[in-house]
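Each in structure tokens, the structures are laid out below.
Each of the next two complexes has subunit A plus one other chain: subunit B in the first, subunit C in the second.
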Partner chain A sequence: MTTTRRSLLVAAALAPFAAKRATAQPRRVLIGYQLPLTGEFSQYGERFRNSALMALEAFNRAGRLPVPVDIVFEDTRSDPREAVAVARKFVDNREIVAVLGDFSSSASIQAGRVYAEVGMPQLSQTASHPDFVKISPWQFRNITTQAYEGPRVAEWMRENGVRRVAVVAIQNDWGQSVVSNFAEAFRAGGGEVVATQFFNPGNREFRAILTEIARARPDAIYIGMFYEDGAAFLQQRRQLNIRVPVYATSSLYEPKLVELAGAGAEGVFLSTTFMSTSPEPHVRAYVEEYRRRFGSDPNMFSAQAFDAVNILLEAIVRAWPEVTRARVREELAKTRDFPGVTGVTTFDPETREPAKTLARMRIENGQFVLVR
Partner chain B sequence: MFDRFDIFFVQQLVNGFSVGLVYALVAIGFTLIFGVLNVVNFAHGEIYMIGAYAGLLAILVLAPPWVALLLLVLAAGIAAGIALERAAFKPFRRFRDEASLKSKAMRESTLLSSLAISIVVRESVEKIFGADMQAIPRAYADAMQEPISLGELAVASGQIAILAAAVVMFATLQWILKRTDIGLSIRAVAANPLGAQYVGVHVDRTVIATFAIGSGMGAVAGLLIGLYQGTIFPAMGFAPGVKAFVAMVMGGLNSIPGAVLCAIVLGLAEAVATEFFGQGWADLVAYVFLVLTLVFFPTGLFGAGRERV
Partner chain C sequence: MRGALAPLAVAAALFAILPMGLSMAGSGYLFRLADVTLIFCILSLSMQLITGVAGLLTLGHAAFYGIGAYAAAILSTRLGFDAGLTIPAAGLVSALFGVLIALPTMRLVSIYFAVATLGLGEMIYVTLLNWVSFTRGPLGIGDIPPLRPFGFDLSSPLGSYFLLAALAALCLLVVHRIAHSYYGNALRALREDDQCADAMGLPVVRLKIEVFAIATFLAGIAGALWAHTTGYVNPADFRFAESILILAMVVVGGLGSIPGAIVGAALLILLPEALRAIGEVRILAVGLIMFLCILFLPKGLFGEVAALDLVRRQFGAAWRGGSAARPLGWR
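Right after this comes the complex of A and B.
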């Protein structure tokens, strides 16, 4: 109650100046970034901040706007309650024109409700839950979901002549979305899903599933799981001497997969949006600078944040000189063919879901190699 | 229906048998300790995990030959078992009077103390090594993960190693129990701790010996299974521990041959179930078996005999 009254008072007091500000240029443009800097997800927040600072400094150095852009970082521990508190703080700061974050879908969604009410553009680098962009037209994300990846993998398999496929996925919301999105697209393309198996999280014994799949004689196996399960699966496939090619979700792109699965990982196909060993010059420049400044290799999460910040900065440039929350939202929705380190990104103006180029990879001699 | 009984079905039986052997390896030590103390040792899964980590450290630091590696892990398991007994079980045996020795509450407090130790140990390992799966040096992993083709069937070298380990462990344990003095005292304490004490059996020493033997075997099982599955991580003891528990209850709580047999039946049933339902349902099989056994055979399938352990 007090907050509303106070913000009303402030708004009333500022009204004469606000009118003037629209014509006079602001001294700086301010962005809020809510992210986990402490707690169990702090390693992700750390990576987001590193990437954001890199993107911001490069942007200000290039002098694309006559005034500097600044980012305010606020720690939420990726806890939905703290995310809401930070969101309130950000919307009360009239200087902030747009917000980045949060990390998890649940924190992003809770904060998103606050932003939807007030009208603040929000761009999350990682919130992949389907409901996130459905909150209001103010929510954006630059991470793809299975609704995007599944059909792309289905298409890739068709190109490689796969007609019959067996699908194995982890039994949770995400695993379900892997199977449904892929299977629908694969069937639509005339293919046949000959076996579908879900396994309980924590299960690392896949021999029974593999034997059951082998009986169906598929041309390929599609697996939706994380790298630890994937390593066990691939090893056991090799032990059972099942020579069917395996396609995997991008979640298996992790160097440790090869370490754990050894020879079992050979020949696996998978797609990804970010590859730290990519030969593309702008990706190499990013990876090298990140490594130099922070002493570690950037991963998919760092890269997602780097692109999110740059996408938002581009929208601000297009909105200039009228950098208001509404204008930034409008310009974000117009993001087309943004050349990021995680691929070329386009936002659908209606659903605000991103479309990206997915790179195709194959594991050869223990290395992730780009497939042309 | 009958088109199901093809070569893949046979392969499924082979898979199930090897899963059953994994459960059996864990169940042997578990049941031995239960037979003597009449209480579940919830930390057995952690002994199993410690065995795998001790072996992995030995591999990384010393890269010893296999025999030395197994002896090292056996020693680590024995040490861990004795430490566990000292921390979680001994304090509850300090009252010597008959009422305390017979008291259910006394026994059941060790249920919680062993659970507490298991959580502390697991979390500590997680803090030191991280919660993710450890990479295993290829030379050792490959030795256990090499595919072997038998006609159209395929097994892994590790499955044969685990079969051999199960046979050796089972035979050694039977030999210890039936042919040695310490085995005689273990059987005496298992049958009647008070009676054993009255005829001069050193109960404390016998209990410690039981933990040493059971935990040594648990640790070796942990290493072998960890290498064979390629999955060494802090929570690795949980899933096989639960199945070993089910096998133990089905087998009649204190019959080691019964537990081994039931473990194999359980593994086979899970694999065959995958033929008919999704694998996600296969876990259900173990619990359905457990409930059926408890309803129709409250003393277990092999628990009717008077001889314990």
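Right after this comes the complex of A and C.
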């Protein structure tokens, strides 16, 4: 009784200070999001923004913080000139406590150098370049890299009895990491990489590559590319009648792949972090709302952005009421077991690399089916 | 006397008014825009020499910009060279490639030369992309140190701005002295009719190679500045679209006009940023403005005739001539 009364008294005495402190609170919390809303990657930026708006509205509706959170979207076309200019713009705005984006690794790194210099937490939903999180302790990513995925696919292949593999990947930073991480893990497990081929971005003619790798007689082909290229690759493989099983990176998880490749896509193995047909309730709720609002199914990229925004919002809630750039960074580094739509996510506090659960899938009768 | 006033005004704007305004605004964003504009001024000035003055349509300029950037990146990250050395070295490496490419292509004319440079530009891009052991390919080169030439720390926004402004002013001076001289007039003669110029005794091929070497040298310097101010280079930054952007700057500004190259570069860098407020249609608006510029001002925002007139009156160009009422040179 007395304690209650005393604490009431203390509270009453402190009330004016508390009120004063409350007025010193920001009227809102601001986040910057740099993404390609125009130009050749605009379809990705569009999905990021859709997901971000969904996550933000739900968060503000739930009233987790006494003040609303807002996101400033700035278009960069994922162009290096604009990405750096936008980074400077966000840094200039003292209200912005953290930044999401950019889409491509190179734009994310170029912007990241600005954020590292000034001290602004940056969380990219898609930058998978190995150097990105090495820029400074201010960089985070929500996408598992090939350093994580490659060894898991290698293990899966070993379980399926594959000994000799041919690898085909796109010639960009990500494609390079697909090959190096997978090959290293696969060799370490006693397997042999019998052929490695890169193709330049924009090239859809794979017949020469297919003939070349078929000659090496692999037990399986591992492909690291985007679904547009993947569809062409799988179709041409079928036309050449090369009946070697294909394993693919998670980037090929896209319903359009089956549409474009038709029967060529049959039997492809791939791992993914996000599955739009997942039976889990929070994934279903996300997919249904996305479909209702934007008239299309969310893909891996939309889901990555949805989780990135939510992870950042959680970090802000934990940092409240001291929402500064430094505090948000600290709290982001403490992200553990975040139940996202792309799987349960934990950030390594040292390397700031995410760990997620990967699901195994196979294309059967034109459908992506979970493999147990 | 009149001849000294205009250069002073340019210097005052570049070294006093602009940096003062930028410092007062205290905005890293505006400083960055100023830096990028200066880099693209150097690029458009260098292309103006080849395309505007000497009349050789080149579609591979971004490749030389890229060579300069990679030269600076590799020299500074692997050999620890300082920006005071990497910047001129990047210019020299780029000019070396420029001459090597110019030697076989300079006998080509008009569209054939354009397509040859397009092909060579793509070759250089593909080399940067695929020579992984040397350029790190698509991974790009990171951790390029900021501008600290000869131990002077110019990595602050104001320091970088001053260095960039000084180099851009130097490039402007060089291009101005080349373009507005009898040498420049000889280049214009090539543009108008190279067979006729040849018949008049001008060494056509040598002139073309020289101008290509000078322009690619300047493009290389721009590349080095980009590498040091951005800290990370990637082959994708030097693709065909960048060549087209530089070409658009030159054409919208006015072919053959030095002030035009500057106006064009400033317009095409700053306009997309200024139009951020109108949202996703901004790139459309930039395209529309470019289209209208060409439609109504086909000679450019600052056409060559007006530019030469200005230069002759205000900047005391070499051909102003003696006491004759009609100045030398052409009209």
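Just so it is clear, the second predicted complex is superposed on the first by the 262 of 372 C-alpha atoms of A that agree within 3 Å, B and C clash if a C-alpha of one lies under 4 Å from a C-alpha of the other, contacts with A are read in each partner's own complex, and residues count from 1 in each chain.
Simple rule for what comes next: contacts are C-beta pairs under 8 Å (C-beta built on N, C-alpha and C of every residue); 3 or more make two chains touch, one makes a residue touch a chain.
If you're wondering where the values come from, they're calculated on a predicted model, not measured in any experiment.
Chemist: Is A:356 touching the first partner subunit B, the second partner subunit C, both, or neither of them?
Modeler: Once the two structures are laid over each other on A, A:356 reaches no partner at all.
Chemist: Of the two partner chains, subunit B (first) and subunit C (second), which one does A:49 touch, if any: first, second, both, or neither?
Modeler: The answer is neither, since A:49 touches no partner chain.
Chemist: Have a look at where A:175 lands relative to subunit B and subunit C in the superposition and call it first, second, both or neither.
Modeler: second
Chemist: Tell me the contact category for A:141 with respect to subunit B and subunit C: first, second, both or neither.
Modeler: The answer is neither, since A:141 touches no partner chain.
Chemist: Between subunit B (first) and subunit C (second), which, if any, makes contact with A:110: first, second, both or neither?
Modeler: second
Chemist: Just checking: does A:200 make contact with subunit B only, subunit C only, both, or neither of them? Give me first, second, both or neither.
Modeler: both
Chemist: Does subunit B (first) or subunit C (second) touch A:152, or do both, or does neither?
Modeler: It touches nothing on subunit B or subunit C.
Chemist: Per the definitions at the top, what is the overlap between the subunit A residues touching subunit B and those touching subunit C?
Modeler: Overlap of subunit B and subunit C footprints on subunit A: residues 171, 198, 200.
Chemist: How about subunit A: which of its residues touch subunit B in the complex?
Modeler: 171, 196-200, 202-205, 207-209, 211-212, 214-215, 228, 231-232, 235-236, 238-241, 256, 259-264
Chemist: Help me check something: in the complex, which residues belonging to subunit B touch subunit A?
Modeler: Touch residues, subunit B against subunit A: 6, 8, 11-12, 15-16, 18-19, 132-133, 135-136, 138, 141-142, 145-147, 149, 154-156, 229-231, 233, 235, 238-239, 270-271, 274-275, 278-280, 282-283.
Chemist: Which positions of subunit A touch subunit C when the two form their complex?
Modeler: For this pair, the touching residues of subunit A are 37-39, 42, 74-75, 77, 80-82, 84-85, 88-89, 91-92, 104, 106, 109-110, 113-114, 118, 129-131, 135, 171-176, 198, 200.
Chemist: Name, in rising order, each residue of subunit C that touches subunit A in their complex.
Modeler: 27-29, 31-33, 36, 126, 129-130, 132, 137-140, 142, 230-232, 234, 236-237, 269, 272-273, 276, 279-280, 282-283
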